[in-house]
Structure formats: C-alpha cells, structure tokens
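Everything below concerns the one structure shown next.
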Amino acid sequence: MLIDMPLAELRSYRPEPSEPADFDDFWQRTLADARAQAAPAQFAPYASGLRTVDVFDVTFTGYAGQPVRAWLLLPRHTEGPLPCVVEFIGYQGGRGFPHEYLTWSAAGYANLVMDNRGQGSGGHTHAVTPDPAPAGAPHTPGYLTRGIESPQTSYYRRLFTDAVRAVDTARAHPRIDPERIAVYGGSQGGGIALAAAALGGPVAAALLDVPFLCHFRRAAEITDAGPYSELVTFVRTQRHREQEAFATLDYFDGVNLAARATAPALFSVALMDAVCPPSTVFAAYNRWGGPHKDIRVWKFNGHEQGGAYQTDEQIRFLEKALG
Amino acid sequence: MLIDMPLAELRSYRPEPSEPADFDDFWQRTLADARAQAAPAQFAPYASGLRTVDVFDVTFTGYAGQPVRAWLLLPRHTEGPLPCVVEFIGYQGGRGFPHEYLTWSAAGYANLVMDNRGQGSGGHTHAVTPDPAPAGAPHTPGYLTRGIESPQTSYYRRLFTDAVRAVDTARAHPRIDPERIAVYGGSQGGGIALAAAALGGPVAAALLDVPFLCHFRRAAEITDAGPYSELVTFVRTQRHREQEAFATLDYFDGVNLAARATAPALFSVALMDAVCPPSTVFAAYNRWGGPHKDIRVWKFNGHEQGGAYQTDEQIRFLEKALG
Amino acid sequence: MLIDMPLAELRSYRPEPSEPADFDDFWQRTLADARAQAAPAQFAPYASGLRTVDVFDVTFTGYAGQPVRAWLLLPRHTEGPLPCVVEFIGYQGGRGFPHEYLTWSAAGYANLVMDNRGQGSGGHTHAVTPDPAPAGAPHTPGYLTRGIESPQTSYYRRLFTDAVRAVDTARAHPRIDPERIAVYGGSQGGGIALAAAALGGPVAAALLDVPFLCHFRRAAEITDAGPYSELVTFVRTQRHREQEAFATLDYFDGVNLAARATAPALFSVALMDAVCPPSTVFAAYNRWGGPHKDIRVWKFNGHEQGGAYQTDEQIRFLEKALG
Amino acid sequence: MLIDMPLAELRSYRPEPSEPADFDDFWQRTLADARAQAAPAQFAPYASGLRTVDVFDVTFTGYAGQPVRAWLLLPRHTEGPLPCVVEFIGYQGGRGFPHEYLTWSAAGYANLVMDNRGQGSGGHTHAVTPDPAPAGAPHTPGYLTRGIESPQTSYYRRLFTDAVRAVDTARAHPRIDPERIAVYGGSQGGGIALAAAALGGPVAAALLDVPFLCHFRRAAEITDAGPYSELVTFVRTQRHREQEAFATLDYFDGVNLAARATAPALFSVALMDAVCPPSTVFAAYNRWGGPHKDIRVWKFNGHEQGGAYQTDEQIRFLEKALG
Amino acid sequence: MLIDMPLAELRSYRPEPSEPADFDDFWQRTLADARAQAAPAQFAPYASGLRTVDVFDVTFTGYAGQPVRAWLLLPRHTEGPLPCVVEFIGYQGGRGFPHEYLTWSAAGYANLVMDNRGQGSGGHTHAVTPDPAPAGAPHTPGYLTRGIESPQTSYYRRLFTDAVRAVDTARAHPRIDPERIAVYGGSQGGGIALAAAALGGPVAAALLDVPFLCHFRRAAEITDAGPYSELVTFVRTQRHREQEAFATLDYFDGVNLAARATAPALFSVALMDAVCPPSTVFAAYNRWGGPHKDIRVWKFNGHEQGGAYQTDEQIRFLEKALG
Amino acid sequence: MLIDMPLAELRSYRPEPSEPADFDDFWQRTLADARAQAAPAQFAPYASGLRTVDVFDVTFTGYAGQPVRAWLLLPRHTEGPLPCVVEFIGYQGGRGFPHEYLTWSAAGYANLVMDNRGQGSGGHTHAVTPDPAPAGAPHTPGYLTRGIESPQTSYYRRLFTDAVRAVDTARAHPRIDPERIAVYGGSQGGGIALAAAALGGPVAAALLDVPFLCHFRRAAEITDAGPYSELVTFVRTQRHREQEAFATLDYFDGVNLAARATAPALFSVALMDAVCPPSTVFAAYNRWGGPHKDIRVWKFNGHEQGGAYQTDEQIRFLEKALG
C-alpha cells in the first residue's frame, strides 16, 4: 500500500532543514585532512576470468589515509580516456566479485566500484575493506549508529570521505576522462553517491536510485523497517543520547547535502518503499542544487525500487550526460 | 540450520526412481513434434544502450511451434564462432532486460537467455512470452501444477521443450560453435538446464546451481517452502488427484532426467536451502549420467545458493570445458 | 483496527468512476456470443447421500459455449416452481461437495452453485471446471491478472459470463420460478453475484457479502492483502503494462457494474477487512442502481465478514424478497 | 512437511498409557452425580427461517445439573424415530446459528449440536452457555488448563460430562431411536466425541476427525501449535505445578478413554497437522476398544484435516452404521 | 513508527467520556461490600534467602472477602512507620518470587506487591491467587472480557476491588505510615494503580507507567495488539453483545476513574506503543483530577515503555512525594 | 517443542573438543598483558536514590588497560568483608541503572556488575563503555563476529579479559572477601561468567544460567535463532573465511573453557531454548572441571530460561557456597 503522503504533496514537500552552522567547515576540514594523507592509488590486474573487461583490484586511500578497496573495470578494445561511473553499494553489501558489477563497463564506461568499509557480511555481496576506526561507544548492531557519539566519529564521515576519494581516484586515472564522471548507487549506495556528488567536486551526472540516508528525523518517525530502525532502536535504548544522535546525523543528511550538489541528476522513488520512504527521498530531491534533475516515480514498487527498469533509464540518461 | 540428511548420507543417497515406462517415448515424440513445427529463429537487433555487447531480441519456435522470446548477447570485437551459454531463468522470472544478463558475454561467450513462457510477474524479472496452451484444469496458482492433469498438458512439458529448442537455436546460429554449448541456470533455471542437457542432444557442459524440479515425491514431504508447497497445496485440495499429480511429475523429474545426461556438469547444493532441499539435489546429482561431475556444497547457505561464489567457479569451469 | 475512512465518510464516498466508453457494448457482445453458443444444460442425478435434498451434477454452457459445472440442490418434498438462489464462490474455491452448500435448500429454495473455472486448488473447496482459454500473457499467479492484457482475454470476462449463464440456466429450469431468482456470494462470490445482477437480466434480489472486485484502482493503493496484492505484484513487475492492466479491469469493476443493477440488494461490509477494504465496498454500494438497498456494517470484523450473522439476515431478507 | 513419525511407525505406535488407578471410579462418580442432578431437557421451537428443518433451542442439564444449550435439528417430512448424530464443536467454537450445522439433518438424521460451555468467543462460531464453575486457580488463557489444579476442577471434566449428558438427552427424545445414535466431531469436537463414546454408554458409531485431547504428554513435547501450546505455556510459567498438570490431564486423555470405547469408529488423521499431531491421534486410534475401526490418513493435509472429503466418507459410513 | 496522533494533539486530547449514571454508586456499593466482608490480613514470614529485606507472605481479603495473596517487603535495619509503595502487576503476570520486586524496598520503602487473581500463567511471573468467581458467560481467552456480561460480573470489578483492599491493607499495617502510601504499576499494573488511586481513598502519590485499561472504545478501533485485541475478538464473535461489552467496560475505564483521583501523579506514555496507544493514555492523563501531575513522553519507545529510565524518575519523584 | 537430543543423550553428550594447541598460551599472554597495563580501579559514589544500598560507579582497567565501567552495590548496615557476586550481562545489554541489579545486594552480597563494552543499544539495558579496538574487518552486525579475523582481534578476547579483570577488581576491594567470590550470568552473561571462572583464578562458585558461547560449531548447524545466527550469516556471506571464523571461535568456546574451571557450579538448561540449544550447554557442562556441579533442567522452557525459579535456587546455592 502507499505508505507516505500523496504524490502531489510529496512533489512539494520541503521540510525545514536542520543544518548545523559548521556543516561546510566540518566537511572542508574532513576532506582536506583525507587528501593531505592521500597516497597514490594502486591498480593490480585481477584475473577475473572475464574476457571483455580488464579488471583491476584497486587500493586507494580514503578517510584519514586509510586503505580502501575497489574494483576498476575497463571495457577492453577501447582507447583514450573513457567516461567513468563511480559506483557505491547498498547497505550490508561489499564489492564482492567483479562479475557482480558488469552493467557500466558493458555500457562502455570505466566503472570504479567502491567497497563499503566494514560492511559486506549480511548475506549479500561481501566486503574486504576493514574499518580501522575504533568501534567506539555503544551502538546498535549495524552501521547507522556506529560512532554516532559525534560527527567526528560517525561511521558515515568515514564512508562519505571514502566516496569523495573514490571520485578523486577516478579523476586521477589516466584512462578516465575527469570531466565525464558520474556517481551512481541505490539505497545506501544512492545516499553515498548523493554525498559524493555534493562534496566531491563537480561531477557530470548523479544517478540516485531511492537514496537512503535522507531526512533521518522524519524517517525515524514513519517507518519500522531497517536500517532506519537501527536508529530507533538506538534512541529507544540510549534515551539520554537522543539529541546527540540526531545532531550527529544532521552532518550526513542527504537533505543538507543535496542543496550543495550541482550535477544533473536522475533520482528514483518508490511509493510503497518502507525502507527509504518517499517523503525522505523527495525532501532531498526537492532541495537538489543541480540545474537539471528528474525523478522517476515507481508508484507500486517497494524497496526492489527502480530495479532493472531504472537501470534502463539510467543507461539512456548517461548516454546524454556523458556521451 | 541444516535441514536434511547429514552430508555423508546425502553423498550416497540414491532413492529408487519412479520412472514411467514410456518416459523416453514421451520425450522423443514431444521433441519430434516441436521440431517438426519449427520455423527459423528471428534475431532482431535491440538497442540496449550497451556498447560492448551486440544484443538481439530473439524469437524462436518452442513447444508445438509456439513463439518463444529470448535475448542473444554477443560480445563485440570478436570474430568467428563463439562458445555459447544457453541460460535459463528461475521461478517467476522472465528474460527482463538484457542488462540483467551480462556475465557470460563479459566472459567472452555468446549468451542466449530464454524467456519463461507465462512467468515473469512475481516481483522479479519480467517475461514477455505468453503460454498459448489452455489454462486447463483447476490448479494451484503458480506453474508447478499448471496442466498437471496429464504429462501431455503439463506446463513443464512445454517449458522443457522450449529449452531444448533454445539449444537447437543456439546450435544453428552462424556465430555460435555448436560443439561448444553449455547450459546454465539456478533453481528452476537449474532444473530447466538439467532437462535441456538430458533431452537436447549432447552439450559440452552443464552448470546446475541448486536445481529445482528434482525428486518431487520427497520434496513434497520434507519442505513447506515454495514452490514445492504449490504441489502440497494442490494435493491437499484436490485430494482425489494425488496419484495423477505425482504420476505426471515423474515425466519431468530431474532424477529421471539426470540419468540420461552425458555432459560434464558442475552442480551446487546448499545445506540450509528449504526451497531446493539437499536430498532432492543429490538424488539427481548422484544419478547424473555424464562422465565428469562435481558438486559444490555450500554448508551454511540457503536458497541464496551458490551465488557469486558459484559463478566464480562456473567461469573457471567453463574456461576448461569450452575453452 | 479500523483500516479505512471513518464510517460517515464511507457512507458518502462516491469516487469518480473510470468507465470505458464501450462498457455496455463490450458486455452486450460478450453475452450475446455466449448465448449464441449455448447448449441446453444437463442435470445428472448425483448420489450425495443426503436424504432431504435432490442433488444434480449440472453442466451448463458458459463463456463461449464452454462447459461449466455446478450443483443444483432441490429440497425434497416440494412441488411446483421454487424460488432459487444462484450462488457464487469465493477466491480459490470451487463447488466442492454438495454437502458444503446446504443453507439455501434448507431454507426452502432451489440452489444452483456455480463452480469457478480453473480455481479450487488453493486449500479450500475444490473445483472441477477447466478454463480452456489460453493461459496467455505472463501474469501473476492467481486469477486476478490472468488474461489482463485486454478486456477480451481477462479471466473475469469468462467468469462473469459463466455467472450470467448460470442465472440463465436457473431461469430455464422447470422446477425454478424465473421471477424469483436471487444471486448470492461473499468476497469474490459477492463480486460475481454483483456482476450477474448487473448483467444477467433482472433478478429478484442480490445478497452481496463484502464483495471483492470493486474499485481496483483504490484497492491497489490501500491494501497489501491478497488477492488485490496480485494486482500490485503484477504492475510492480510488468511496469510497462500498468495502464493496460487498470484499463482492462475497468470493464470488470463492481463500481461500474453496480450502477447497472436494478434488484433489491443486501450488502455487508466489515470495517477491519483488509481483503475487501470498506471504501471499495461502499464505492459500489453507493452507486448501486437498485431501488431498495441496505448494507450491514460489521464494525469490528475482518474478512471473516458477515459470516453466519449475515446469513441469518440474508435468510430473513430473502423471505421477504422471494416469498 | 510431514511432522511426525513415518506412517508405518504411526500405525504401530502404542505408547505405555499413564492411566490413573481410579480412572473408572472418577468417571463413574462424576457421571452418577450429573445424572442424579439431571432435569428433563427443554426443547423450545426456534424460528430459524429454514423450511426443511425443524429447529429447537435445547436446554439440557449437564455437569452437576448445570444448564447447557444445544440445537436440535429434525428434518421435516419424516415420521417415527430417527437415527441421530450428536455433534460436538471445535476449540473456541460454540453452537452459533442452526444454519451452521446442516449436514446431518440433510442426510436424514436428527442432529443434536451441543454448545461448548464458556467457549465460542475466539473468532469462530459463538457460544451462549456459561461455565458456572469457579474460574479457579491461575491458568493460561484458554480452556486446556482451566481448573487443571485437580481432576475434580478440570474444565474438561465438565465438558465431557456435558457431552455424555447430551447423548443421554438424545436417547430420551421421543423422535430419536436410542439404538441408532452416533457421536461426531473434529479436533476438540473429536476429542469430546471420543469421550462421549467411551463414557456415555454404547453408541452405534463414532466419527472422530483428527481428535484433539489425546496423548497430552507427547503433544507437549512435539508441537508449538495451539491449543496444546497453552499447556506448554502453563508448565513453563507455573513450573512447580508440572506434575499436577499432567496428572490431571491423564483423566481426560483420549488414549485412556479410547480403550473403553465399544462402538464402530471412523477416525481421520492428517500427517502435516501440527495442531493434532499424527502420533497423538494414532496413540488413541491404536488403543480404540471398538470392534470395527478405520482411519483415513490424509497425507498432505494439515489441520484443515479431513474436511469435506472426510464428511463425504462419514455420510457413507453412517449410512451403513445407522441405516 | 509513531502510531497515533501527533504529540501536540495528544496533549489536548479530551474525548467526551462515556460515564454511566450510577458509576459512583456502583463503586461505593462494591467497595462497601468488600469492606463489610473483610477479615484482618495475615503476614507469614517467608524465607526468601534475602538478607536485607524482611519478606512476608500476605493473605488479605479482597473482593467479596475472598483471599488474595501478596508479598510485603520491609527493608531491614529500619524503625518506625515507613512510607509504602503498593505495587500492581502487568497483564498475565503474578506476584512470582519476592526477589522479582526489589526496587522499592531498596529505595527504603515498604513494598506491598499484590498478586493478580487468576492470572500469572502466560509465560511471565506466576500467580497463586485463584479467582473463585464463576468463569461465567462465554468470553475470549484472557481476562479483559471475563465476566463482561455485566459490571457486576466483570473480572476487573474483582481485581480493582482487590487493589483498593491492598491499599487498605497497607494502611492498616503497624510498620506503614498511612499518610505516605503510593500506588505504582505499569501497563495493566498502571491501570490497576490508577483505579486504586481513584477509588481507594486518598493516597500520597501515583506512579502510572503507560497505563492499560483506558479509553476502551478508542483502543478497540486503533490497535490490533493484545490485550485490547481480546476485546475486538470478543465483539467480532459475539456480535450481539457489542453494546453490552462496552457498557460494562465503562465502569472500569481509566478515563472515568482518572477524574476521581486526587493524588499527585507521574505518568508515562510511549509514542510507538501499540499495546497502550498514546491517545488512550493521554485521555486518562488529561482528565486526571489530582493537583500535580506530570507525564514523561518516550517518543521512540514501544511497550517496553518507561522501563528503567522511568523507574529512575519515579525514585526521584517519590523522594519528594513521600519523603 | 523439544529442539535437540533426548535428555538421556544430552546427559552423556561429550563431543570431541576442537581445542587449539596454544589455547592456554594465548590466554596466559592475553591476561598477563592486561594485568601489566592495569591501573587501580576507581569507585565514585553514585546517587542512585536507593537507601539500603551504597552504589559506586566503577571504572576499572580491562583488556589492554582500557577503562571498563561497572556498578558496585554494597548492602548498607554491613561491616567487614563481604562475599561478592561478580555479574555479567546478556547479549546486547549493558549495566543500565543500578536499580536493575538488586538481587544480590538484597541477598547480602557485594555485587559488581560489569558493563558490556560496545553493547547495550539493542532495546534492553544500555551500556556506557566504549570498545576502543578497531572495528576491523567486515563482520556481521552484532558482536559474535566482530574481530573474528583472528583470536587476537576477536571481540570476545576483549570481553572475557574484561571479565577476568572484573574478578580481579572485586578481589582487590577492601570490603570484599577475596575467598568468597562467585561469578554469575545468564545467556551471554553465563558464557562470560564461565570464561571468568575458567581463566580468572579460583572463584568460590559459578552460577551459569543457559550459557551462550558454547560449542559454536554445533550451534551453527542446529539453530536459526540469534545470536548464533550472526555466525551463520557471516560464513554464508564471507564464505572464504569459514575456516578462519571457526578457528578463531575455538579460543572462546565454553566447551574448551569449562575443562579449565575448578569452582562448584550450578548450571541451567532449557530444553525448548533455540537461542542456547541444550546440546551446546551440556557439551560445556559435561566437561566442566569443577568438583561439584549440578544442572537444573527446565524441560518446557525456552530462552526465558531459568528465570526467577533459577534465581531462587541460585540464592540457596550461594548461601551454602559463600556462607
């Protein structure tokens, strides 16, 4: 069933943002630190068994100079700089095997797939990148409240910084055209891509499929579905830390980040999706700062989201945006 | 939790098969009829937006000369006859979009992906091929008991014949090397691939990931999970048709089909898989007629089955089998 | 909990109907065709073991002259023409055994119980009538989207035509008084009875217990419960067929049919019924064309619906309506 | 799935009974007391609206002379003494409306349907008979542990005595042939009928559809399904009363009662029924004392049990047993 | 998710009460009767193994002079009259062991813990007090509808009278200061404490954690969670008794009782609590008659309710209220 | 239902242990390191509002000298050294408020309640102690697989070392008699207490209520319940790390630890407990090294486990063991 406001209300839903005064400072310093500690990325050829794609096992330096793994897939039989899709992965997922990420190289793009540090053990694709930061203060199992005791320690500070650095890594690669980079992801991957588009310097396009990590304060009130439920469980248990938790998340809220984006964007939203409820997605979409934006509304879909139909539209969208 | 016999028992589990006397006649006539009514396949170029793959929207004639849709993906920048993977799809799925099937072309093979007639409306990939046969006698929603009133009318008679014809179609394609054809699928797709390997003339390899449609009589007794549960619901409601139902299914049972296969095969089985319980898979595997066979046992997995790990092994296996 | 609008709103809920321009033509042609292909019904005595009821195993011609099974129960020790209740059965049910339908003969009426073609294998009463129409384009398991590719192919075109022909069959029987025929059913049976009352020529009464098959467009938005969920699953998967699906269902929507009814009617609705949500029932009730109508509102009931309480009221209602 | 021993083991399953030494004394005294306090039953004509059945609202004296309600249905147009089916109702049910019990009068029998004291408020048919005994010591919601503090106070002492008195009431009615009385019920109704057959003097037949209330000690160990789960919850909470609870139930265990029965019996059992697990039914069946007995094994059914198929067989069985 | 009105609306929610005309008479007579039949309470020393608390196994006379059990815990090493917390227990619970109730004696108070007659067999703490009243008319398993046929027979008439008598018992104990008695409980315990504060003569404080038994008419409409669901199941089954049921509950509704209270009170409410929905709690809180009242709103909590956080506040609140 | 072997088999179940060769070295070095980095514990008086207990907010140094929080509760009005219960907390719990731990001080013992580092955010009691170790390699949400990449990094290495240091802390406190220290806990708390008894030097008694963390290899095969399910999810996703995972857990397996214990012990086990299955508990119990041991078998209980009944027995047991 439809689980949120009627579509007409969603289209004009613009809640008052809860934006910390030092939001931009926080991110400027965080990213500057990461870049200051950066080392050149390493690209080790990987024997994937695939014959139309050159695969590289990538190690780049992410948050605080920490090593982060990725796959780089380059379509064979191409020459010169390629446009590139930097891809981010959903909750509890990891980079898995390169053969799990074949869309964008098949479409003719370089494809850099960033691993999710510390994730990838939840029954889906697996990750290999550790999260060297302290596990820290008590938090609810999962990633949403890891390090929630402050913006400095939040897991998403590290993950979003990794994402910006993944874009940096793509930009610096000799086979990639730095002017033609798109960011892409669905659910958590969409939230990360949104952050990368907002924080990582200008990109040429953003493909954001039902982005997670938007409008936390509302999400906690209107859905029982995970992963937002982790946040509810946290403040339900650590009641004296409620203000602290929401104040921390303001630094990572897609609604605040979207306003800083400048790229053309194709969003999607599913009106029966309790995992990424429609109003949380529209709150970010309606505030998106880029000049051209569009959103595909899947009225009867849940968190299976845009799926392959959305991918089909994304392929067409990128053809125009990246050439 | 482990849901079936201990592994040691599974490895030697050889139940008495319930094989109809006219099993081979039935199939010989069925396939001869289909081939007698066959028309040449049509391959319409399809603008998928993918730049490293040539995609064709295929219509071939399947059961009784009825049109069946498929995708053919050919890796670009190749010449001469290619080895080919003929791929079959899981329960309630359909051929969807070509970008949902990129593994085998990326691995350098031609890839023919057969649509499931009448399926593809269950929340996963969608199908476009109708099932022109009469809906027929009352049956439980789903496909397992459609037409179960006789082997002649069983849905799986049509689907398996389509599969054999898909292999025929691949064999006849000018860009495909008829000596280097593999069949592949998981779950229902595995069951179809098993049937195609057994009935469709010699193939070079079979990749059967947790095959469904094996050992119906036991499956109905040991699992509550769908789709086998459709069979239980059927005989629970139409009690006077119990013998009829199981007698019909004997013609489509992977245990009977496996004995007729001759190709090298790589199976998988997951010991916590209630959808395709281990003993039903081993019953087929232990009776497989091919000279070289292997089975990957995923001890702690459920119906997520072999997944990307299995794909990785399949890529290596095909490299050796097809070159 | 209450699952829809407050009762006061329900009582005045009159959504704009989405009625195809050729709605009446469509049905006129469909019924004319069926009647043109009709053959006389056959009534074979059936040894039910019941001693106060004469039971006949009926075969009449329904949609396109296809044979449909039914039971006819006549109370023994009666003479002359009897009033008759033509009874329709709920989703996934079939005519089962005659001893499952004893209310109306015990109440002194002839009772014609129509089988549901192709249904009756879902754990409830069983059916024996096949559906000879092609299974057709991919659809979601169940009956709601079978043939949904066009009004011509929709399963409900066949089932509703069967229902009209069942009323014809009752009218033509020598022991039945054609002026005193009522239609009756609950849930899907209520939806079929509604259609029979609207399309089948004047009947003397309609007993519609929580009718299903009303106001599809709203049902798909407000409930997750089956069978309406089949429709959601269908458009969720076959997204490009959304308009087609709803356009087809407009021809079978109880809201459109109700306006054409002329019989006195007793409805029921249950305010906690997610299967047949209250607003979908009231949308039909409020548009019912008959001169006398009443609706029994069961405030705290779910899809157990009117149940035996409603039956008690129906018996009293028929006493007045049919004598 | 099959939930208990293989069928071959079930057929020979004869656990050591746990029979109290004073079992027969207990019941002899209990029934003698009830009969000593008995008053003549009252039969008030009831305007059911049914025209082929004469319905009477019955009040007879049950346990300790307490009034118990029932329906008596007599097929019209009959003369002389009729054979009679005394019918007992499932867990949480009550006598509801007379039109909910039409099978046996339609089959030509008198039908006395006993209300369940204090039950009938669980979503199914409703009861009207109070249970005037003290609610008593703490017990788990439901009826299984009501009064479990001793055989004297157990709810089932009262209910089984009511059942014996219902048979007495039928025997004494002028329109009923006392030599041709059958007892009938399913689930709890089957357990009550079993008790009535064992304790209520010779009856001509017993129809016991998946009887509940058999082999409590095993049931508590092998199923999580209700109502046996009430017993588990009870001893789980009131741990110091475990011995007391099982010792009380021994007086009401169908395994002990069955040995005392002398009537021909038709049982049923469903091999996927977690509510009345197969071994508990066979434990009673295998100990049944009557000369002729048969059991219909529904291999793939759950607690929908014998259902209408079993009714069909029961009708045939009674034809022979009662004439 | 939030399950009821927004907080601002809750704070001003004052539904029209449905208060019987003889409400005060009913209670005056009921309590006068109980006190007329009262006998002195008995306090038997109990060897709990606890060394800092003196424990007594209490038997006092409750409703109609019936014996009710309780624990009295007195902190050792104290002299003179102590303030006392009279404690009431949640649904399906009982007094269990004294070591399950250690908070208030540790805080320095006498603590009288009243057993719940007839409850205590649902998987939580066990009870030992029987309910000698007749089980009575059919009702839904549980306590909410036991005796619902009239205010005179309602289970809650007995339980609330027990509670008033528990306060009487505390007042009369030589070690307890009758001017410094608080009532306390959560969920059902909160509802009982509310009743005791309203009916039992002036108390010095009331600690009401998410009180149950408030605003039955709304609760039945807005939640599917138990125990209110028992009420829905009852009126769903015994439909002709709907008016009777709600009319009976009016005598026990916390909304009516709250208006009669005079003590300072600390409530709590949890905005995600489907068991005791927020509007039912606020309906009572907003009508509370005492001079000082406060309510702790736990925004993200469910029926785990105030929990240990609330206890911490209650300890502070009592320090001020009782000294 | 019973979920494991019959009781007789459980009593003699002694699986071959999988004990690493360097098991004792590993623990000796780990504990020596911790003690080398230890600083004196701090005991800050805490204003709990409780008047019969002196509460201290404790900070002691645990694993690697890291600060760990605890509560110390001392019954007032006592003199001289007290026996002490060192208490450990269940999965996802934390030390919460001191008023949540009142049993043992009420029983006359000092009670040191150790916080669970990093836990306490799962809906139960909350924790305040951070886990400063790196979050590390990808793991399944929860604690069971945190750091599972090696025994050195396993979360349980840190938690068990904290536990040993908690016992050290108790021993060193001036008000505690170092010869009369017991360890106590249920579920995870039981597993920690078992480790503390095995590794922490001689204690006077161990109270182990359904201990978790025993016989991981079997647990992963026989239960779907959490937290063992985390381990299954981990090896299901990170399949190449299966050997690594189980090899790591061998260092923390209660079966290996139990053999090293020397204290008298009272265990409990619940035969319907899927969370801590009976055979995993008996595997540890049967290998317990202490001279006196007993186990209370709760036949019909699940993971509510021994509960208050067990506490009652523990109080009696400690009276004898500690005086």
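In this document, chain identifiers A, B, C, D, E and F correspond to the written order of the chains, with residue numbering beginning at 1 in each.
Following the convention adopted for this analysis, a contact is a pair of C-beta atoms (placed from the backbone, for glycine too) under 8 Å apart; a residue touches a chain by one contact, two chains touch by 3 or more.
Which protein is which chain? UniProt says A, B, C, D, E, F = Cephalosporin-C deacetylase.
Keep in mind the model is a prediction, meaning the values are calculated, not measured.
The fewest steps needed to get from chain C to chain D, moving only between touching chains, is 1.
Residues touching across the chain B-chain D interface largely differ between the two copies, under half of the numbers being common to both.
Counted by residue number, the contact pairs of E-F are over half the same as those of C-D, the matching pair from B-C, C-D or D-F.
Centre to centre, using the average C-alpha position, chain A and chain E are separated by 50 Å. With centres taken as mean Cα positions, chain F sits 39 Å from chain A. Touching of two or more other chains is recorded for residues 123, 125, 236, 239, 304, 309 of chain D. Every pair of chains meeting the contact definition is listed here: A-B, A-C, A-E, A-F, B-C, B-D, B-F, C-D, C-E, D-E, D-F, E-F. Note for the complex: chain E touches chain D at residues 92, 94, 117-143, 145-146, 233-234, 236-239.
The residues of chain D lying in touch with chain B in their complex are 1-2, 272, 298-302, 304, 309. Residues of chain F that touch chain E in their complex: 48-53, 75-77, 96-97, 99-100, 102-103, 105-108, 123, 125, 304, 308-309, 311-312, 315-316, 319. Within the complex, the chain C residues that touch chain A are 220-224, 232, 235-236, 239-240, 242.
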